[in-house]
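The same subunit A turns up in both complexes below, where it pairs with subunit B and then with subunit C.
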Partner chain A sequence: MLTRRQRMLLFVPLALLLVPFLLLPALFGFLTSFTNYAPFQPGQLVRFVGLDNYLSILHDDTFRTAVRNVTVFATASVSAELIGGFGLAYLLRESFRGRSIVRFLLLLPWVVSPVATGIMWHFLVNRESGMINYWPALLGLPSLPYLLTFELALPTAIVTEIWRKMPFVMFLVLPGLLAVPADQWDQARLEGLPVLGQIRHVALPRLRLLMLTITLLLLGDALGNFENIMMLTGGGPGSATTTPGFYSYQKAFVAFNWAAGTTSGWFIVAAVLLVGLVYVIMARRGAD
Partner chain B sequence: MVLRARLQHRQKRRHYVSWRGLLLAAAVLLLNMPLLWTSAASFGIVPDNTTSPPTWLLHPTDENYLEAAGFPNLLGQLETSIAISSLTTLLAIAVAYLAAYSLSRSHFMGKRLLLQSFLILASLPVIAYVIPEKNLLQLAHLYDTLVGITLAEAALYAPLAVYVLHGYLAQLSPEHEEAARLDGAGTFQIIWRVALPITAPGIAATAVIVFVLSWNQLLMPFVLTANHVQTIPVMLSTFFVYERELDWETAAAALVVSLLPLAAFVAAAHRTLEQFSLDVARQED
Partner chain C sequence: MASTTSPTVASAAAVPQRRVEARRLTLGRALIWLAVIIVTLIALFPFIYALTTSFKTQRASYDGTLIPWLQYEPTLANWQAEFGSGGQETMRALTNSATIAIGATIVATALGTLAGWGLGRFKYGIGNRNLVSWFLSQRFLPPIATVIPFVLLFKQLGLIDNVLGLIIANATFTLPFAVLIMRDFFADFPSDLQDAALVDGASQFGVFWRVALPIATPALVAAIIICFAFSWNEFLFASVLALRNAKPYPLMVAGSDTVRGIVFGFVSTRMLIAITLPVVLSLLVQRYIVRGLALGAVKG
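Up next, the complex of A and B:
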């Protein structure tokens, strides 16, 4: 067994990395969000402003729209990714020839970067030459409306996100499904349970924690969404697809309002911590 | 009776298999269609949806690739991306492995909570802290340097690596290690000679995931680097944002060029990737 000293020593390299490059920036952002600190205006006297930054952001209509957007975005995309990804994994559960290849092909959309996803879909929804409108034209149906308008841009962004992340959920769920002993499936099948019943009684109790963990990771990613949105719609039209992540970026690096950027970043931290707390409680409840 | 039940079962099973094949084929086709469409466009094969039925403009060309290859310094960016992602992966995995080993060999109150906090850190999005991080890196003269971005990205992915690697290490029975210790091996020898080889498949799979995440990471290099260090996603984004009038075919060629190295890497490593597991059931002790 390791001595106490050795245990601590093994943690030192990780601490040397995480403290200056993750925890310190987060803390620095937190502290300065209560001040008027502005690195873009050197020489200004830094003073404490209390909750001013938070209040001014909460009164900003764009930020409120962004919070609404990300709520819709996270709820819709994460639930679809979980259900779709689980379904794909279920289809891959039993071994067949070429499963390895199919597994790789189904993972491929996740390999496309969020930036590339945004750029690609921006063109694929083009009415004249894109992929989406090709099918109605082929079948002689009336053509679809442009999908990046004020009303449709957010649902479109959600669909492109699902396209990229559902494969990753499949990839993460499959090892868990494969770990369920085969005779449990056979038993349930012989008892005449329908597919959904089999999943509910055989797989889900065992995969509960894995699914919770995947949900946490997906929610964190969705709450900070920035890259896909920036490329696909640029946050628009208007603020139809602006998210708090996009808002932070715009404030800090386009409007040079550093305080607003870090403050809205802290709203994201708070949201993730809240989700994390729920995760810890739910994970504990399952374990007892 | 039993035989009959078995037979029925088997028939049901065959039925199920064909449905499954159909669904899988549909899923593969649907999910990959955008990629096929983009590849076709990169060769100049684009439909015209204004006519009914739509017509295809068939004049395959490699012009778009030539134009995309004319992007300033594509090879340089490829090199930068490879360097940053490899170093990030190496560093994140190394420090995470040591910490995960320590965790897996300790028992204390709140250990599960500590593991879960690594998971929560892993789900913290970059935008939540990257703005102040830029300021701090500037103060430390690490802004727009290879060292700065590598350390920042390693810190971004190390928490996930700790959680996953702990899963593999907790599975390991301590017998081998005890035997090595009786033979007089020190702690670091045991980690290097005993634990590392046994957990190698899991480490490799985790490394591939971290590499892919780091390769595709935009926001961090976008904010923490400028002219000296430029990765492929940053190149794609600036190219696209500043030349919004960019035509689809050239963009498609650039997308294909940017995707190919990573897709080839993942294809080559897909057997390794099958070892990846977030399975928390094992993290419970």
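Up next, the complex of A and C:
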């Protein structure tokens, strides 16, 4: 057993990094979101403004659109990724030659940086260089509509996100699925349950915590989504695909509006913490 | 895909039954195969297209064609430009990326393993679960939320446009992963070996260094891979903290638009270069990625 002092010592290096470089900046950002502190506009007297920053953000139409966008984005993509990923894992349950190769290939969309995939998809679907014009024409079909219009940009972003994450979900679920003992499957089949019923009664109870964690991972990523969208659409057209993450970046580094940038960032943090809290509650409830 | 072998003795009733079963077996599996192939193609499609485009001329890259020689004339121009005339910039960006990723990984895994061993092995007053939950919350936190105060701090410290600054930033961000992965491993792993070493007279540090660490190699590899991949692909902090000297590669990939508009040939080549490393890494350690991610996921 280590003495208490020794145990604390183990955390010292970590604290040396995290406290000055994570906790303190975060605290600073939190505090200044209640003031009119503007580092990019020197010479201003710093005043305490209470919740003004937060309120003005909430009144900003662009931000509200961003929140709506990200809600749609997160809900649609996460559900599709979970269902699709699970389905994929179920498909791959039975071992076959080359399965590990397939698993590896399917991991690629996630392993590759979102910047790269965002760019790839961007020039796959945009009007100038996209394939959507060439191939239908070649096959004599009418060309597909331009996918980055105001109406279709968000669905397109959702689809690319699903493309990216669904195989990843499969990758995580498959080991868990394989860990289910075969006799449980057999028993369910003997009882005459249809496939969906089998899944519900055999797999899901065991995989509950895993699915919960995966959901949280996906949600956190979707809520803060930034690089993917930036490369794919640049937040547009207009504000069709702006997310709070993108909004925050824009405000801070393009418009040099520190207050707006930090404050909107904290909205995102609040949302993720909320989701995390739900997770912790549900996880602990299941464990008892 | 093979059907059952034919029996030596078969009743008249059994034979048609088995034949039907064999056929159903093949049809079901064929469908699964088909689904798998389609999904794999969809997953790989953008990469294939990028590969093709990297060999196209500027004009042809707007075509949307796919098959070289049949539909367009392939050219090495993009690749030559990337490594030839643009070579210096490319190499510097790649070096930056490598330095940052290696540095951040070393820091994050070192610090994380220490803390993870402590968390997994021993009890803490605040409550191990609370600490773990805290680290977990870090893991799900999108970096965009903390980047802004970060910038200000680094500006004060003079760490803007400095590789060291990015190492610190990436280490901070990947540290929770390392802690969680190592903690899960140590929490699961029976401590008999470590206790035995203690009885044999090893110091606590000796136990850590000579017994715990070697056992933990799979988890360590997983942590290293994850930290490295994240740092290599990291874009947000890089775009904000690096201006000229410390530019890592993702910035180059994104900055492929020139006066002539986005040169898709360059985009493709740079993207393919950028993804080479993560792809090779994940090929080498596929098993460990699953273990590492699943460990963190299953134990919460």
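Convention: the second predicted complex is superposed on the first by the 270 of 288 C-alpha atoms of A that agree within 3 Å, B and C clash if a C-alpha of one lies under 4 Å from a C-alpha of the other, contacts with A are read in each partner's own complex, and residues count from 1 in each chain.
We adopt the following convention: contacts are C-beta pairs under 8 Å (C-beta built on N, C-alpha and C of every residue); 3 or more make two chains touch, one makes a residue touch a chain.
Since the structure is predicted, the reported quantities are computational estimates derived from the model, not experimental observations.
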| item | value |
| --- | --- |
| Clash or fit, subunit B versus subunit C on superposed subunit A | clash |
| Touched partner set for A:L273, first subunit B, second subunit C, both or neither | both |
| Contacts of A:V46 with subunit B and subunit C, given as first, second, both or neither | neither |
| Partner chain(s) touched by A:I83 [first = subunit B, second = subunit C, both, neither] | neither |
| Touched partner set for A:A283, first subunit B, second subunit C, both or neither | both |
| Which of subunit B and subunit C A:R206 touches, first, second, both or neither | first |
| Subunit B versus subunit C as contact partner of A:R189, first or second or both or neither | first |
| Touched partner set for A:F11, first subunit B, second subunit C, both or neither | both |
| Overlap of the subunit B and subunit C footprints on subunit A, listed as residue numbers | 1-2, 6-7, 10-11, 13-14, 17-18, 20-22, 24-26, 28-29, 32, 39, 88, 91-92, 94, 96, 100, 102-109, 111-116, 119-121, 123-124, 128-131, 133-134, 163, 167, 171-172, 175-176, 209-210, 212-214, 216-217, 219-221, 223-227, 231, 245, 248-249, 252-253, 258, 261-262, 265-266, 268-269, 272-273, 275-276, 280, 283 |
| Subunit A contact footprint on subunit C (complex, rising order) | 1, 29, 32-33, 35-36, 39-40, 42-44, 46-47, 49-50, 53, 61-66, 107, 110-112, 114-115, 117-118, 122, 124-125, 133, 136-153, 168-169, 171-172, 175, 179, 204, 229, 232-236, 240, 250, 253-254, 256, 262, 264, 267, 271, 274-275, 278-279, 282-283, 286, 289-290, 293-294, 296-300 |
| Residue ranges of subunit A in contact with subunit B within the complex | 1-2, 6-8, 10-11, 13-14, 16-18, 20-22, 24-26, 28-29, 32, 39, 88, 91-92, 94, 96, 100, 102-109, 111-116, 119-121, 123-124, 126-131, 133-134, 137-138, 140, 143, 163, 166-167, 171-172, 175-176, 179, 189-190, 206, 209-210, 212-214, 216-217, 219-221, 223-227, 230-231, 234, 244-245, 248-249, 252-253, 258, 261-262, 265-266, 268-269, 272-273, 275-276, 279-280, 283, 287 |
| Residues of subunit B defined as touching subunit A within the complex | 5, 9, 12, 17, 20-21, 23-24, 27-28, 31-35, 37-38, 41, 46-54, 91-92, 94-96, 98-99, 101-102, 105-106, 113, 116-117, 119-133, 135-136, 138, 151-152, 154-156, 158-159, 162, 187, 212, 215-216, 218-219, 223, 233, 236-237, 240-241, 248, 251-252, 255, 258-259, 262-263, 266-267, 270-271, 273-274, 276-281, 284 |
| Interfacial residue positions of subunit A with respect to subunit C in the complex | 1-2, 4, 6-7, 10-11, 13-14, 17-18, 20-22, 24-26, 28-29, 32, 39, 88, 91-92, 94, 96, 100, 102-109, 111-117, 119-121, 123-124, 128-135, 163, 167, 171-172, 175-176, 209-210, 212-214, 216-217, 219-221, 223-227, 231, 245, 248-249, 252-253, 258, 261-262, 265-266, 268-269, 272-273, 275-276, 280, 283 |
